[in-house]
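Okay, got some structures for you below.
Next, two complexes with chain A in common: one pairs it with chain B, the other with chain C.
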Partner chain A sequence: MSSKNVLFSKKLLIPWLEKYSQKNTGWKLPDHFSHVSCYISPLSLEGSRKWHGTTMMSDKEGSSAASCYLDEKSFHLSCQLFLQYSSVLKDGWSWTEFKGVKEGYMKKTILIPGRLCSLLNQFWKHKTEDVDALVEDQVDDDTENQAVCENQAVMCYEYHVLYSCSYQVPVLYFRASTLDGRLLSLEEVWNNIRPNYRKHLLQGPWDTLTQQEHPLLGQPFFVLHPCRTEEFMRPVLQMAHVEKRKVNYIVTWLSVMGPMVRLEVPLSYCTAVAAPD
Partner chain B sequence: MTLPTPIIMADDKDVLRDVWFGRIPTCFMLYPDEVTEREAEPFYLLLPRVSYLTLVTDKVKKHFLKVVKAEDVEEMWFEYEGTPLKWHYPIGVLFDLHASNTALPWSVTVHFKDFPERDLLHCPSSSVIEAHFMSSIKEADALKHKGQVINDMQKKDHKQLWMGLQNDKFDQFWAMNRKLMEYPTEEGGFRYIPFRIYQTLSDRPFIQKLFRPVSPEGHVLTLGDLLKEMVPAAIYEPKKYQVVIHGIEPLLETPIQWLSEHLSHPDNFLHICIVPAPND
Partner chain C sequence: MAAELTEKGSAPPKLQFAPFSSALEAGFWHQLTQKKLNDYRLDESPKSIKGYYYNGDPSGLPTRLTLEFSAFEIDGPTPAHCCPAVGTLYNTNTLEAFKSTDKKALLDQVANEIWNAIKSGAAVEDPSVLTRFILLTFADLKKYHFYYWFCFPALCFVEGIQLVKDPVLLEQKFSLKQISSFQVAYDRLCSSSGTTAVPYFLVKYSEKSVEVASLKDWSLFFADLKKVTVGVYDPCTLPQHPGWPLRNFLVLLASKWGSQLDVVEVLCFRDRTLQGIRSVQHSIIFQVKLPSLSLSAACPKSVGWEKNPKGAMGPRSVNLSECMDPKRLAESSVDLNLKLMRWRLVPSLDLDKVVSTKCLLLGAGTLGCNVARTLMGWGVRHITFVDNAKISYSNPVRQPLYEFEDCLSGGKSKALAAVDRLRKIFPGVNAEGFNMSIPMPGHPVNFSEVTIAQAQRDVEQLEALISAHDVVFLLMDTRESRWLPTVIAASQRKLIVNAALGFDTFVVMRHGLKKPKASDAGDSSPSSASSLSDSSSSSTPAIPGASLFSNIPGHRLGCYFCNDVVAPGDSTRDRTLDQQCTVSRPGLAMIAGALAVELMISILQHPEGGYAVASSSDDRMNEPPTSLGLVPHQIRGFLSRFDNVLPASLAFDKCTACSPVVLDHYERDGFQFLSKVFNSSHSFLEDLTGLTLLHQETQAAERMYFCTSLCTITVCLLNLTYCAFNRMYPVQKLWHIFRVYGHFFPMC
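== the complex of A and B ==
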């Protein structure tokens, strides 16, 4: 990736950081990550403001809102609508039905640049205290940039959206591999998450990132634990309810969860995909 | 003459003990292709059915590390007759699913190389087992009480559940776990039963759906009712299949609520194995 691109991305990113991230966490997105096409969904920003302010909804308003859970039928209908629009965009989502049963999952595979070394992580661990200084250093220090990017490689990320009947919410499973088929370890996946999201993940409302068995395939996948999904969806859904807007659960939820693990959901989904009746 | 209630209660408590102290005699053998400095003797161990392979095999690891070349040692994993064993399933489930009706001791192969990345979860430390265990309990409570009981507990209570399992302390575990087994009397049971059905001959790892212990008409639902809905073949072809929980075949008339309270694993799930019936 050329340094021109890096600079271009930085321009886009820094205002966002100053506006949202720094205020809450004191964090900036380091430009190491700006080589990645970095689109941060405004939906997720909106969401993140709201999770921080869960109490902004009074209980009275809350009780008038529809359920913040998603039943299995609505899950399937919401996915159907999502997939209809995806086929217009041709952005690669598809439905995989598990043979013999009515269960299945929404799937997408992408190729994105990533890094294989843990060097960067160690580097950051030491430097997180002084991110501002570091960002400035990086502007002038292209050689350091190159050293860090040495082990860059194209990676294949495979995302599955499944339904959890226990928590009555969707769950995002994913796995990542190199082009020769080697699966990435938890540490490597963690290293490929943008540092500001890493911080978000560590603070919750997620129980961070773990490796778990895919409930339909029986294979190891990474997953953002669903046990608190309802908690962060509630204010978003309640707000929509108050404003008499219909929300497609899958679109809203995926635009919050996806960017955490490098999955982008174009903003047009928000306006183009309806909620099931 | 009817038995006085306290005796029946005592019987039920005995069931909890019997489940907790169930053991499987196991013979661990090193995979023959592992490079050793001298011959590896097999290692015998009584494995607790309700625990996890990676939690109770420190001695196995130590034993084989004496003979395996240090530079050849990667993450330890287990296999039975060509099938990698998923450490995140309780030991009893692995045995019932893969080795029911075979001769004891259970013969498990130990590997230190070629970790099957596409089949097994990594288990770098016991904190990973703890996280998995607690997440199962949490999920079970989401089904039973919308997560209210587990969320009302303190961190030290969660720790007590885990330490109880880790150190094989029945009383310590059950002092806390009984809270997770409570329900309003008028409802006749949990909101939903946390269960998983495993089948030896199946592509999917397990079946897990919503199932209530009492029908809308107020009938107590049984193990048979559950299976009729989830795996009808297990009921209608009884000569082909066995329904096994903790190595026994419970009566199909047993209320599912009672099974959930008494035959669940410490992770609070009722793990049911459907295995091929042995040929007579």
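== the complex of A and C ==
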């Protein structure tokens, strides 16, 4: 029964897949289509869940059993291992447990000195008109005891790694703000990416970038939408499978997705962080 | 480094501190908003909040005190390797209260608390109380403007602090062995105190080893006070200056042990890990001479209000409407969605052109509703409805902008209700509705002075509306009502997109866009498919190599009425099916409405806009003229066969709406002319344009036409697809098809 499903989906989807993979994404189609069901997910979530369920069973007998998905338990275990190594590196990743619900997310904040002029312009644009009138001369100033601080423009990038139950993959949420807490628009984020890197980004998962409410915080975040995560992960995971390497999904995934949004994952993670059993 | 040190020699030996910069994560303001709305409401009493600072920054970053969204959970965890700082939040209810708050008093109060903690010895037990802050805020939640002013209270020595030995990097003072010994000792101190960061500590070192201890162990740790070294967790990254937290610590030292101490050595502890490699070598160490300070004295003078970005003593403000105002969020999400489409699929898409297009929708029925929704999907902000109908019980199921409630007590005006609904769907829309009727040919307005005046006002209103918009959508359910806007828009050179429905057929078309008036000369007449009599001779279109089916430029394309040989105004006559709007298959309006908008979008993406050469069905195989594909003249759809065709036709020089003679009369005589058209029978326009003559002239041709096999003609001429016109066009109209495409037929 399940094999029927696979056959049916192959027949239906291969022409579409070929077109899709050539025209839109530049991502190559794998050599064989034993996981065709995975490609359905961008089309219809509900449908794909069901199809996926049946075809995944048949996958187990197949030659390549590497799943491109991650169940919730493995997500938490993978994160734990990731965080253990992060605490050794002291590179700032932490786990935030959300009150009331069992869910949580992995978080990291980095500060990046911004392009001063552009950010200062933004600052003057986003302050309110009347604030200059509020300067007070009653307040003591002790300039003589203060070190001169450059009026540094700094951008704060905040990354959250959450689990998406509906896509069964991790999802990268992020936002960038100035030190007064104002969120940068996507344009500002984009403008702060080196121009020669932008071209590269446009081919990758950047084009799945969208704005959504953070599921736990309810605040606007940018998201690398999970609809194509599986697609990006497949070649990497299959390669690892062929080479009989066990990889930590979070490490692999974050190394693929992170650089697109200025989040670097040191290479040492790949060797130092194990996959959960 | 050496250069800096020598330079330092000439500087006055006074210690200066790098002040904290306030750093607010985006989530903080969100959380403050939630607190204000749900917990604090009008309560202005001070609240405890918590921030933190970090000594592991790479150089170049400002010394920050950070507040996250979790700042309100005073007992919550502090990020690893960071020091917490407890603060007091004063959130005022008004800007006036924010302004009039006595800042000096707030500062003095906290300074006193710190001084008391020093006096009582509490600060020795737990020196983290030395680092405090005040946050004064006013949240204008109507505008999402936030005003805030931070204060990092610091007690001052009147005469300042004298540097005895200039700051040097720890690696210049300590051997590698000492440094690693120090690291180990500090880590042990952390774990023994159950934290990951200790703000203040004591240091003792010899050649071989370094020891550290808690402040409270002072007397056990220091056997003699000849030379005392203290450590401070230092968030500053400047090589010559300590950060703010040292200030109150020095006051504590001076008041507690100052009389016994001659010189104090200060180790500003900085501890960063870059790519897995830890470094504390860049910590700085220097010696100061502490001024004397008596514990019995009054609280020393205090400072600490943060300067604004201009360097003046004043609050800061931030406008967060873009990320907090639901309306703005909706707008930016809509925009982003479209940008994503561009980024992902159509990089050359000119969205600004689309978003800034002002659309006038004549008709707010099934077509109008669907057109409006599709326009919203494209991010079009400016949408105006004109309709004179009220919403009836049968409407809501087919007209997606209305609900059952809208039908009650006589029904709301469609134009106004549609606007309300658009605003509900998307508050960023700039929508307007006009409950007015459009005068029509053959529908007399000359019953009385009043009706004439009303008609004149309606015409003027319509003229003004058309002039104020970029694209006019004709979405009415009668053919006659399309005449006046067609004439006005043709005269004003505005793009018209027209949609009309049959039962299971539809036509969506753009009207030909006449050349701008100034450059009219030369190519004036839409000579097109002139009469049958001369079609075989020289009057074929002027474009070289162009057939009638292809390469018709936008200014030579026909309008809705060009294909007709009767003037509008006579509803009793046999109507083409695509005019019988109210009985169509329910899906048809959505298809046609969507196509009308998509046609407009494609036109806008063409560099020549409304002057773009019409694409035809044949062009489906060719390189498309825009990033979105073809720009057809007409889309004719046949739902029964789930098929669309893309015919193109030339403007007809005897058209009752767009021919030069009609436009000339309208431009010269204005309402005078129009009222004649309204009040007369259809023959007025037919006589004016010469259609009457044409009728007579072509009687013969018509006869000839019927002699020929109907099927052969339609198949040959209309490239199979026009078979469907048998359904769409009543038989007496078929000669007209013949007229338009007759040029191809050798026997003409």
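The rule we apply is simple: the second predicted complex is superposed on the first by the 162 of 277 C-alpha atoms of A that agree within 3 Å, B and C clash if a C-alpha of one lies under 4 Å from a C-alpha of the other, contacts with A are read in each partner's own complex, and residues count from 1 in each chain.
Everything below uses one rule, namely that a contact is a pair of C-beta atoms (placed from the backbone, for glycine too) under 8 Å apart; a residue touches a chain by one contact, two chains touch by 3 or more.
Fair warning: this is a prediction, and the values are worked out from it, not measured in the lab.
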Touched partner set for A:Gln80, first chain B, second chain C, both or neither: neither
Contacts of A:Leu183 with chain B and chain C, given as first, second, both or neither: both
Which of chain B and chain C A:Val88 touches, first, second, both or neither: second
Touching partner for A:Tyr167 - first (chain B), second (chain C), both, neither: first
Touching partner for A:Leu216 - first (chain B), second (chain C), both, neither: first
Chain A residues touched by each partner, larger count belonging to chain B or chain C: C
Chain B versus chain C as contact partner of A:Leu111, first or second or both or neither: second
Which superposed partner A:Cys227 touches (first chain B, second chain C, both, neither): first
Shared contact residues on chain A - chain B and chain C: 182-183, 185-186, 207, 210-211, 217-220
Residue numbers on chain C that touch chain A, as the complex places them: 14-19, 21-30, 56-57, 60-64, 69, 79-81, 95, 98-99, 103-104, 143, 145-147, 154, 156, 160, 236, 238, 240-241, 273, 275-276, 278, 301-303, 305, 307-320, 322-323, 329, 332-333, 336-337, 339-340, 343-345, 347
Chain C contact footprint on chain A (complex, rising order): 24, 87-91, 94, 109, 111, 113, 120, 123, 126-128, 130-132, 134-142, 144-147, 149-152, 154, 156, 158, 175, 177, 179-183, 185-186, 202, 206-211, 217-220, 266, 268
Residue numbers on chain B that touch chain A, as the complex places them: 86, 88, 117-122, 131-132, 135, 138-139, 142-143, 147, 194, 203-206, 208-210
Residues on chain A engaged by chain B in the complex (per definition of touch): 98-99, 101, 165-167, 182-183, 185-186, 207, 210-213, 215-220, 225, 227
